[in-house]
Every structure is written in C-alpha cells, then in structure tokens.
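Alright, structures below, take your time with them.
There are two complexes below, and they share subunit A, which is joined by subunit B in the first and by subunit C in the second.
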Partner chain A sequence: MDWMQSLRLAAPEELLSISGLVLLLASAWGQTAKDARAVNWLAVLVLAGAAAMVAPTLCQGIGGEAALAFGGLFSADAFAAFAKLLIFAAAGASLLVAPAFFERHGGYRAEFPVLVLFAVLGMCLMVSSTNLLTLYVGLELNSLAAYVLAAFLKADERSAEAGLKYFVLGALASGILLFGMSLTYGFTGTVSYAGIAAVTNAGLSKGALFGLTFMLAGLAFKISAVPFHMWTPDVYEGAPTPVTTFFASAPKVAALALTIRVTIEAFGGQTAAWQQIVGFAALASIVVGALGAIGQKNIKRLLAYSSINNVGFMLVGLAAASSEGVAAMLVYLAIYVPMTIGGFVAVLMLRDESGHQLEAISDLAGLSSTRPLIALGLGSVMFSMAGIPFFFGFWGKFVVFQAAVAAGLLPLALIAALGSVIGAFYYLKIVKVMYFDEPAGKATGHSDMVHDWLLAVSALFISPLGWLLTKGLGALAAIAAGVLFAAT
Partner chain B sequence: MITALAFYLFAGLTILAGALTILARNPVHSVLWLIMAFFNAAGLMVLLGAEFIAMLLVIVYVGAVAVLFLFVVMMLNIDFAELRAGFVRNFPLGIAVALVLLAEIVIGLGAVGQGGIVLGTADGSAAVPADMSNIKAIGMLLYGKYLFLFEAAGILLLVALVGAVVLTHRKRAGVRPQSVPRQNARRPQDATVNVKPEVGKGVSL
Partner chain C sequence: MTDLPILSLMLLVPLVAGIVCLVVSSQTARTVALAATLIDFALGIVLWMKFDVGGAQWQFQESHALFAGFAWKLGIDGIALTLIMLSVFLMPICILASQSIEKRVGEYMAAFLLMEVLMIGVFAAQDLYLFYIFFEAGLIPMYLIIGIWGGAERIYASYKFFLYTLLGSIVMLIAMIWMAQQAGTTDIPTLMQYDFPVDAQKLLWLAFFASFAVKMPMWPVHTWLPDAHVQAPTAGSVILAGVLLKMGGYGFIRFSLPMFPEASAHYAWLIFWLSMIAVVVTSLIALVQHDMKKLIAYSSVAHMAIVTIGLFSFNVQGLEGSMVVMLSHGLVSGALFLCVGVIYDRLHTREIDRYGGLAINMPKYALLFMLFTMASIGLPGTSGFVGEFLSLSGIYQVSSWVAFIATTGIILGAAYMLYLYRRVVFGEQKNADAAAMPDLSVREWLMLGPIAAAVLWMGVYPESFLAPMRNDIAALDARLARAKPESDAKLTMGAPKPHEETAHEGGAH
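This part shows the complex of A and B:
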C-alpha cells in the first residue's frame, strides 16, 4: 500500500484531526469567551478548507480502486464527497450560530467547536467507510462527541437530561449494531463490504440475514427512523438549539449515507432481504412523523417530528434500491439540510425583549406583523418542507417518488404521497399561526447579522429560485450515486 | 507428557480457585481467589499457543479488572451478611436458574452433535503467518494494515476524555491554586512593611 497516496486521499480528514488537536490545545489555555469565539471562527475556516479539498473529488467523479486508501479501509470517492460537503456545510452553519446562543446562557467555551470538529471527523469516516470496522469507529467518534454536545449546558436540566437520554439509548443502539456486525462477520467471514457482497451474492445465510436486520435496526436509531425514533423529540427539545441544528442536519446526512453504503455495497446483491425493512421504516416514519407533529406545542419538538418525517421520504428513495433512487435521496438530502438549518436558525432568532429564546408555537402568533422577515423565512421553510409545488422541497419529494415508481414501488410512493398531505397540515398550521393569528407580541428581540444572513441564504436556496440549481444538483447526485453502483 | 501435566495442574487449580471464589466468606478473599483463577486460565492459554490472550488476561483482568473489584469491595461498605440473609428464601429460584443454564448447555451440545452452524470462511487477512509468534502477527496487523483505524480509535478515546472533562469540570470558588509567575514576580518590598509603632498604640495591619 502506498502511504503517500493514502495520506493524499484522506487529506480532508487529516486536516480536521490535526486542526482539532491544535484547537484543543488552544482551548486549554484560552478560557475566555473571546478566545472561544476565535476558536469558533477558526473551526469554521477549517471546515471551509476541508470542503474545498473535497469538492474536486465530487466534480471528477472519482470512485472504485482509485479512491481506496489505507489498503481499502477508507474510500474517498465521489459519493463520500457529496455527503461530506453537506456535512461540512451543516456543521459550519451550526458553529456560526452557536456563540451568540451560548453567550446568553452563561458563556461559550472553546471545547464546543473542537468537539464539533471531531464529530465531523467521525462522520467523514462513516461516509467513507468500506468495511464494518471503519463504520463503527466513525460512528462512535461521532456519537461520543454528540452525547457531550447535547449535555453542553450543564446548568440546564433539560440539556443534561437530553444528553443522558441520548447517551443511554445511543449506547443501546450501538450495541445492537455491533451485535449485527459480529453476526455478519461470523457468517460471511469478512468485515469489508466488498467481501460481504461477494459472499452474500451467492446466497444469504440465516445468520447473515439476522446480522443485516440487527445492523439496520442500529442504523435506524442513528437516522431516527420509526420504530427507533422515540429519543428524537426529547433530545431535540432538550439539547441547546445550535446543537439541535447540528443533530438534525449533519449526523442525519452521515448516518443516511452510511445506511446507503451498507445496504448497496455490502448487501447490494440481496436487495429483497432489506427492501421490505427499509420500505416499512420509510412508511412508518412518514406516518408517525406526520401524526406525531400535529399535537406539538413546542417548535423544536415539531421540527424533530418533521425530521423523522423527512427521513421517511429519503428512505423511500433507498427502498427503490436503484442508482436513480440513491441519487434522488442525495438530492433530497441536499435540499433537506438548508431547509432544516433555515428552520432552526429562525427558531434561534425568536427572542423576547430580554433576549430569552421562545420555543412555544403560541409565541409565533402574528409574527408576520412584528418580525416580518423571520416570518417570511420560517414560512418558506414550512412551505418547502410541506412540499408545496415551486418551493424547492417539492422537487426533492418529486424525484424520490419518481425513483420509487420507476423501481415498481407504486404503492409505497402512493402511501408516502398521502403521508405528505398529512404532513402539510401541521406545516401550514405554523404559517397560519404566524400570518393570521392575533399577534402575541412576544418575539420582539433582535438577532445578529450572522443569523439574518444564514436564514436569508437558506430561504433563497429553498425558494422557487432554487429551481435554477436542479440541473447541477441532479448531475452531481447522479455522479455520486453512479460511483456507488459502478462498484457492485 | 509434561504438557498434559501442566494442563491438569492449571485446569485443576482454575476449578479449585473458581470454587473458592464463590465459597469464601470474606469478599476480599473471593477476589484474591478470582485473581488466582485468572492466572491459571492465562497458563491454559499459553499451553494453547495463544500467548497474546494469556498476556491480555494477566494485564487486563488481573491488572485492571480484579484490582478494580478489590477496590470496590474494600471501599464500599457493603454488608455481606445482610446480602446473604435471603439465601434460603431465594434458594429455589437459584436452583431454577441453574437448571435453565444446565439445560441450555445440554441442548447446545446436542445441537453441535447434530452438526454445527455453518459459519463463513475467513478471508485469510487475519491468518497468522507460520514463521511468526501470534503477538508479532497481531502487532503487524494493528500497527501496519489497520494503523489508520488504530489512530482513529485513539482520537475516539481522546474525545471521550475531553467530553468527560467538559461535562464535569467547573470553576469552584474558594480554591487557591499556585501561580508560579506571581510567586516569582513578588519582591520582598511588596511583601513586607517596615513600621515603627508608637509606644502603647499597637500595630494596625
């Protein structure tokens, strides 16, 4: 194995880990809020740098042998690059909004951006994994950092509860995943996806089927697909809002990309074995996500159910088990990330006179008259999530359904479309509360520039103007998905 | 011949130490017997040619786990007499659990007799080369082929460490840490005052 070649392929990950270590040292001495802000900006710069290093891989559509590093333990292919770009963007946006939030809640600390960087490193390993070992190390690196981030506000009881809940349930899910991995290893005799595919193409033994099922259960927890979604609303509500922004975007991308890799690369020859599982999880997520959100009074809980709902739509694309399906999923992810970030940034901007965060939906009443721009931004996020035509979110749903129908899953697509109608109800309810209810007059506090810009950018991206991007985005997603299917 | 003798020695002592672990009245003695059982199990592993696992048993189980047990037993004030008080009452339940375990072993052996589960064949990437001890072979894999994952696992442990500190560390009032630069910068004239109090007035500090 050529070490130089390997190091070159994994350069973004090396940049992340080295700068994470350096910033960790810096944060050991820089204890003030000002130092923390500086570390935060440096972390954002590092993410931007890593994104710049990854982008060429995607554009050139590198895949197969040329992308393998470290003797086949790591694959820097175009598919991983697509997911990494989304992860870097989501993590960067979450970092941008973090200092303002934490400074209002008793001080920002430089460990926050450092932990985010390491979580991002873990996610990079996840999406680049070519075997079960890299998968697990990456997943745990991401999860361990995430548990700490959820409990980052030590003085806040809800944050501590969220962290503990996430930790206990996450450890259980990791155990289930590990159990599935050990069964898969035992019955196929190898940990590499290519090796597993070679064995299972000849026929799936009972034991390997059990392994696959347990692995999918563990992964379903990480992407918060029904029936392993119970932790999501509690953790999203309790965790500090910038952390929730991060949870709802970056790890979702990583875990979904990982699920795609496992199902397509390792079990691609046994589609029938997992298609039903993924199809069920998709439908259940859509229905439970839509129904669960209706009664919510807290906007963060509502967005948590909405993320469950969105994961369901993405899994519809995976259930199609085709290159088009995976490309559709990637397009949906690329639209989902700015949508989610826009939604949570708008929530972060809702403050009362003394600067306290507002989270109740009733506080949104009449927002259009007090803060028209936030109302416009949040409104377009809601329209887009509901999949109202000509908002960009509609296109994501459209391509996913198109792929499902092309793969002969017409019933699945039909039920999913019906589910999106239920979902539209609560999204539109928020719009109604903001535009047609008597003003509650609570959200009067002001937010800083960074929030305004982030909301503006994401709102523009998901507005009908986003349609200008369809061609480029579709082409990139097709390249990324094509790389994955070229190998199998 | 000598191997058989060594095997019976280690195996017999393992069983003896295991029995004494659960029979000893004093919990500290139990832990010491457990350590002896671990040592003899390590001996059995050496006989099998698995030196690495033997080392692991001694270092991890004896060195860390058993000592940890010992600490817990000695530092926590557990009333073992009270724990044992319910023995007769719970005896039937204990017997039932033991029977279930026995039945599982019997069924398991029977199932193996009928032909075991067909596992996958290993791809050979972890096979021990003939001219190498298995410690060296594991080292070659860990620091060669899997170096990338080894380093990643290192970062994983670092994150766990940092996370634990972030969540538990807090600034406490009333602590007086040493500040070496401040100590060094202090001059005698800052620290002492020369006063000449009037007779009968005393000193004001």
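This part shows the complex of A and C:
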C-alpha cells in the first residue's frame, strides 16, 4: 500500500520517464524530419499531461506528511507543484520553437524532445527533493541532458564549445556541491533535510557551516549567481537559441526552487548562517549582471547577463528568509519565465532574407518600422525586465522588495533598487536601437505562426493586463511557500 | 457623489483612443486623438461643474480591490481637480500643435494619449502604489516621445530624462513600501493623517524628496530639464513643462508636507537654500541663452523654485500661491513653448539671432507672445502675478531674507523675458526668410487663444481657481500648524499710545 501511495504521488515523474523512454525508442526508428516533428508534439502533449496531473496538488495546497513518498526521499507538495508547472510551461515553449530553428540548421532530430523530457524529469526530482541524494540524482539527470542539448548542433563550433564549457564547469560545480554535501553529512550524520534541520536547529558546527557554504557555492553555479556566473554568457551565446530559451527558463526555476528547499528546509533554523551569503550573491548578481550587460553586442549575451541580474533580484527574496520572501520569489519566477521566453522567442523571430538568425544588437536597428510587432513584443519585454511599472515585470521586483523591507533588510532592498536603475540603462538601449535608430533593414525574414503566438501570449502576460493576475498568482505562491514553512 | 465613475472614464477614453491610434492611418489617428482629448476635456468640465466646493474633502471616490496588495482607488480634492483640469485643457492643444509631426503619427498620438492617462492617474490616485505606478509609468511614453520625435541630440536627452527620474523615484518606492507596512494601509487620505515617528519621517522625507526634487526639478538636479526640453518636439515640451513638472509640486503638497510635517519643517531650510540658489542662478543662466527653448526651460526651473519656497512657508498664502504659480506656469510656459513652436515650424531653428523684427510681419503673433511674456514676468492682471505675489507674501511671513532673494527672480525674470522678446519680435528684420514668415494660422489661433483667455481669467478673477482648493489648503495648513517654523520678523507689540493724545491730535486738525 505504501508503495502504491508513493507511486501515485510520483505519477507525473513516472509519466515523464516512461514517455521519455518510449519516445527514445520511437526516435530510433523514425529518423525523418516529419517523425521528429511528431515526437516533438508528443513531448509537448506529455508535458501538458504532467502539468494537468500536478495542478491539483498546488490548488489543494498539499504538503507535509501527505506529500512524502518513498520513505521521505521525495515530496510532491504544493511548493514543488508550483515550480513544476513553471518548468513544464518553459520546457513546452522551448519545444514549440525548436523544430523551425533546427530545420534551418541541418534538420531536426527526435532526440531533442527526448533530451528535454529527461532534463525536465531531473528538474522535477530537484524541486521535489527532501534528501541530498534525491537532490544529486535529479541535478545530474538534468545536467547530463543539458550538456548534450548545449552541444546539439554538432557541426557548429560555437555550440560544441558551449557544450564543452558547460560540461567542464557544470562538473566542477557538481563536485563542489558534492563536497559540501559530504561535509554536511559528516557533521550532521544524515542526508535528509528534516534530519539536517533537526541537528542544526540546536546549533551549527563549523564543519556543517563549511558544508552549507560549499553547497551554496555549487547551487550558485547552477542558478548562475555571481560570483559563479562566468559560464552563463558563453553558454547562452553558443548554445542553439531554442536551447538557450530552455536554459534561461526551466533550469533556473528548478535550481532556484532547489536552493529554497535546501536553505529553508535543511537550514531553516540557521538563517543567520546563510542570509549574508545569499544577500551578497543577490547584490553582486544585480550589479555585475547590470554592468556586464552594458557593453554587449550580442543580444543573447545581453539576455544572459539580464538573467544573472534577475536571479539577483530573486535572491533578495530568499535573503528575507520568510514565507513572504519565498512567495515573492515564486511570483517573480512566474513572471520571469514568460518574460524570458518572450525575449528569446522575439530573438528567434529575427531572421534575414535567407533565413539566417540575427543576433547582433546592431541588426535590431529600426526594427519598429520594419517589424513593428516584434519590436513591440521585445520592447515590452525590455521595459518589463527593467521593472518599469505598467509592465508586469515591475510586480515581481515590487513583491521582492516588499518582502525584504518586511524582513528588516532595508539596506539590501535599497541597494537592489538602485541596482535596477543601472539595469534599466541597457534595457533602454535595446528599445533605443529598435525605436530611435534608422532601420538597418536586416530582419526581413518571415517567422512561424507558433512564434507569433508565443510572443503574443507572453507579451499579453507582461502587459498591464497581467496586473489582473496578481491576486491569483499571489494566492498560489502563498500556498506554495506556506507548505514549505509549515514543514519546518 | 455620482453613479458615473467619471474618473475611470477619463482614464479609459484616452487609453482606448490610444490603442485605436496604433492601428489606423495617420490622418485618422490625428482626428481620433483630437476627439478623445476633447471628450476628456468635456468630462473634465463636467467634473469641475459637479465638484462640490466646500463639500467633502474627497469627492468622486471609486474603489475596487482588483489587485493583490493595493486597490484601484481614485478620488480627488480641490488641489487634484485643478491640476487635472490643467492636464485635460492642455492635451487637445498639444494634439493641435503636433501638425508638423509627419513620421509615425499613429504611435505619436498613442504615446500622447497614454501620457494623458498617466497624468490624470497620478492626480487622481488615492492608493500609494497606484500613484507610484502612474507616476513611474509616465517615463515610458515621454522617453519614446523625446527619443523618436525629438531633435538632433534626442537620444542623449531621452536617456538622461529617463535615468534621472527613475533613480529619484526608485528610492521613493522603497520608502513607500516601508510606510505601507508601518501604517498598515496604502490609502493616501489615511496616510495623510498618520503620524510617523519623527526620526523615520526625516528619512522618508529625504526619499520622497529625491523623487520630487528631480521631477520638479530643483537645483542642482535640474540639468535633465533643459536637455529634454530642447530636444523634445513642441507638444512634448508643452506637456513636460505644463504638467509633468507639476507632479513634483503635487508630490510635495500631497505627500511630503501632510505625511511628514515635522521633517518638512526640519528640512525647510534645505529647500529654501536650494530654491534661492535656483532662482538666482538659473535666471542668470537664462539671460545668456541663445536657444529659445533652453531659455524658457531655465525660466521654468526658476519658477518652480518659487513654488517650492511657497510650499515650505507653511502658511495659507504660500500654499495657495504655489498652487496658482503651478497652474499659471503650466499655462504660460506651455504657451511660450507653443510660441517657439510656431516660429520653429516656419524656420526650423531655435536660434534667437535668426529672428528679429517679427512684429512687422507677424503682428498677431507678437501680441500673443507679448501677453505670455508679461504673464511669465508676473505682470498684474495676468495669472503669473497672482501666484508669485501670494507665494512671496507667504514666505515673507517666515523669512524676509528668503523673500528678498526670491523676489530678485522676478526682476531677473523680467530681464531675460523682455530681452528675449526684444530680440525676437522687435528690432530690424535681419533675415529675409524670417521676415517672410506668415502670421498665425487659424489652427495656431485655436491653440494660443484659449490659453490666453485662461491666463487672463486667472489673473483677473483667481477666485474661480482658488475656491475649490480653499478647504484643502486650510486642512493642510491646520495639519502643518504643529510644525510651523518661527518667523524671523520677531514682531513686538508697541505700547498703545495714550488715548487722550490721539484725541488731542485729532482735535488739532
């Protein structure tokens, strides 16, 4: 009976793994572009199915004992459900835009959706982990799929380089994380979050503190927070754009949710030990992300720095170490995902006459007169990322600041807010290039229907209409965060 | 008050029209924009008619809990009413003044209509965060207006405008979050009665000051204004000078003064010093300008300094005077920018030296330009006089020295405005092309005529504008009474003269 219960709780993950395996088999036979497209659509359907299975957990606010499966190794609670929904949405969007891109670069292959499915499965394990072992298994499953995805364009030098860089640095990060985990295990004698919490609540030994620090360093790699962000611009630039879309959205959600779980569930009793680390990483990410983006000439690199910057703002919410702060992070994530996807979809839509992707910022010149709708979409994304109100991106920053102020972190909130002004500068630059400069007339190629629709949906979400969602979004995020805090 | 949500309607009309403008042809966009702004002006008049002078402090209130953490809450008092009227009055004129815009007309009109929504929103918002959203969102359309349709240096100017104002207001946002958590409400009328601890007040005041001082703009953070004005298209300058600068003054009168009275008194001297420097320095700078728009921009900084001096004099005259200066400056500087626009459209230069002797070929233009010049100087009978006189008499009660220095601004104002007028309108006709310019067209009459009428109305019978805000100013004055700074006049009552002596002297005559 207990096993049945566990299997039922992990049903979305089972669906993902079984369909991943079946589609992998199918792709061994179906090698034509048409088959690949079919597999792609099936993968999207699987993701939608998994989302439908997860949604009730979030709405009912299931948490605590009722959500624990496999003897406490895995928790299908509302918090995980919130993150999973975002991951599914992000992965689905990345899959939708992929075929058109790869068909122009030597043909689409069915392995792509399969790899994405396995990466998503790894992420699901990450966000559901209640144990250092689940954490590591999930993380590696996700990472291994991701390394291959980054190098998916075998013939393209930049893609191969991105894959290699990602692999070497990712392996290093995993090593650091493992080292931290082993220290934590050594000094607390357990690998379950609840066990670690029980030991550290009484007091944090030096060794466990070292363990915590190394674990946070490893996680900072995965969320690309400063000072472990160096790989991000190179990988984002080199990886095929649909893969970058995926990297910038889904794994970010998973790694951040994982960081929340580790800090709150395992070290929730010792907030003072990690608050400073997180606060520093937050401010450093905001400032470095903003300053680094200013000189960029490639839009994908710029968006990479922008994602570093955004992670910084989310970490401000974590630094608050309160239920409100975690809820604010989740709201931010829920706004960040469509914003990022909108941005990358707009980049994907920029093609010249012969269908080549345009990535240089100077190619965007005068886009507002040649392709007004793309310009409008990308412009909204930029203003939204800059956090200028009327666009929904402001709300994410706002709730995060609110949580930080409520937690008494006034200086942190103030410096973060001032950092957002630096960030505004380069977002404005994109708007300036698109709207003020004379048309370069390069982006003339046509885009696909799917791209149009995705951009339209994300633009609508971050438009002022998004404000109407604040209540529902806030309530769901509060449920998800509440579950996490009820457990500790 | 009324079942019709008139404030929401005033926000909705330009918003819908703005979206329509994006998709229609340029000629239709012009018509749609003009119609929408006229409808909004008509709604404004209805608002003014229905406003119950001497009635409840807050009227036309609407409240819907649409969002998490804050509400869609609108409502106005007399102060907001007059500023909304100013906005809706100037908007159709701006649309008329945009005839010379030829590229991307639809987007231009949409940006202006969005601007109108946000301006009305700022003055009508009764929720702290809603106010901030309107306040801050105004940056986007103005950035686009300056950047797309501006002059040669437009990109630098648009960046400067955007980043300066954003930097100022982001600090205010953090202060607002703290305030809302401290007071447990985001309702502005409630917060206006809430007493924050004095130490906290001082920090909060500085945070709000950072935002409003940039917006106002006060010396030394005024440097974005001349750039933005010079580069913006004519109508953009009108809106910038006419309404956007008033948001700073409105901020002081709505937030800084009633919410932090003690801190306001504590920092009054900071305001006085900055304003005194501004009055003298920017007036002197205006005197040596060769560019007409730059000259008027610097004069705006000087006039706004009179506003801040009046606001922080903590008495009824000063507060009323500041409000009238704001309204008057909104009309007059708007009209002056339009006057510059009229000749700029003909000759495409703002160099003062390229003109001269316009009184000969453009007598009607010369007449109207004269009226607005005089109003800017503050000649009795025009709106400028009423406001400046009240402000200065307000500050005189607090400090005669501040009043003395501020009054030099009037003299210097006369100097630079008359000097401008002499160089442009009088003298010889140096350039053949300037001498050949035709006089005002019907469209230009329609733009300048109503403003001229309003300027005279406000100058001759200011009661129409003072009456709606009288109770609000009195309430503010009562709120500020406990923190009122001491006057430097130190009046001592003389001993009464013996009764018999007066009688005796009276008898001698």
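Everything that follows uses one rule, which is that the second predicted complex is superposed on the first by the 487 of 488 C-alpha atoms of A that agree within 3 Å, B and C clash if a C-alpha of one lies under 4 Å from a C-alpha of the other, contacts with A are read in each partner's own complex, and residues count from 1 in each chain.
In this section, a residue touches a chain if its C-beta (ideal position, glycine included) is under 8 Å from a C-beta of that chain, and two chains touch if they have at least 3 such contacts.
Since this is a predicted model, take the numbers as computed values, not measurements.
Undergrad: In the overlaid three-chain picture, which partner chain does A:Leu303 touch, first (subunit B) or second (subunit C), both, or neither?
TA: Neither partner.
Undergrad: So in the superposed three-chain picture, is A:Leu318 touching just subunit B, just subunit C, both, or none of them (first/second/both/neither)?
TA: Neither partner.
Undergrad: With the two complexes superposed on chain A, say which partner A:Ala413 touches: subunit B (first), subunit C (second), both, or neither.
TA: In the superposed model, A:Ala413 contacts subunit C only, not subunit B.
Undergrad: Can A:Trp467 be said to touch subunit B (first), subunit C (second), both, or neither?
TA: The answer is second: A:Trp467 touches subunit C but not subunit B.
Undergrad: Go through the superposed model and pick first if A:Ser17 touches only subunit B, second if only subunit C, both, or neither.
TA: The answer is first: A:Ser17 touches subunit B but not subunit C.
Undergrad: Mind working out whether A:Val337 is in touch with subunit B, subunit C, both or neither, as first, second, both or neither?
TA: In the superposed model, A:Val337 contacts neither subunit B nor subunit C.
Undergrad: With both structures fitted on chain A, tell me whether subunit B or subunit C touches more of subunit A's residues.
TA: Per-residue touch count on subunit A favours B.
Undergrad: Have a look at where A:Phe425 lands relative to subunit B and subunit C in the superposition and call it first, second, both or neither.
TA: Once the two structures are laid over each other on A, A:Phe425 reaches subunit C alone.
Undergrad: Between subunit B (first) and subunit C (second), which, if any, makes contact with A:Ala197: first, second, both or neither?
TA: neither
Undergrad: Show me the residue ranges of subunit C that touch subunit A in the complex, using the header's touch definition.
TA: Against subunit A, the touching part of subunit C is residues 66-69, 104, 107, 118, 129, 132-133, 136-137, 139-140, 143-144, 147-148, 154-155, 158-159, 162-163, 166-167, 170-171, 173-174, 177-178, 181.
Undergrad: Which positions of subunit A touch subunit B when the two form their complex?
TA: Touching subunit B: residues 6, 10, 17, 20-21, 24, 69-71, 73-74, 109, 111, 114-115, 118, 121-122, 125, 133-134, 137-138, 140-141, 144-145, 147-148, 151-152, 154, 163, 185-190, 192, 195, 199, 205, 207-208 of subunit A.
Undergrad: Any idea which subunit B residues touch subunit A in the complex?
TA: Going by the criterion above, the answer is residues 117-123, 125, 145-149, 152-153, 155-156, 158-160, 162-163, 166-167, 170.
Undergrad: Would you pull the subunit A residues touching subunit C in the complex into a rising list?
TA: These residues of subunit A touch subunit C: 368-369, 383, 388-390, 394, 398-399, 401-402, 405-406, 410, 413-414, 417-418, 420-421, 424-425, 428, 431-432, 435-436, 467-468, 470-471, 473-475.
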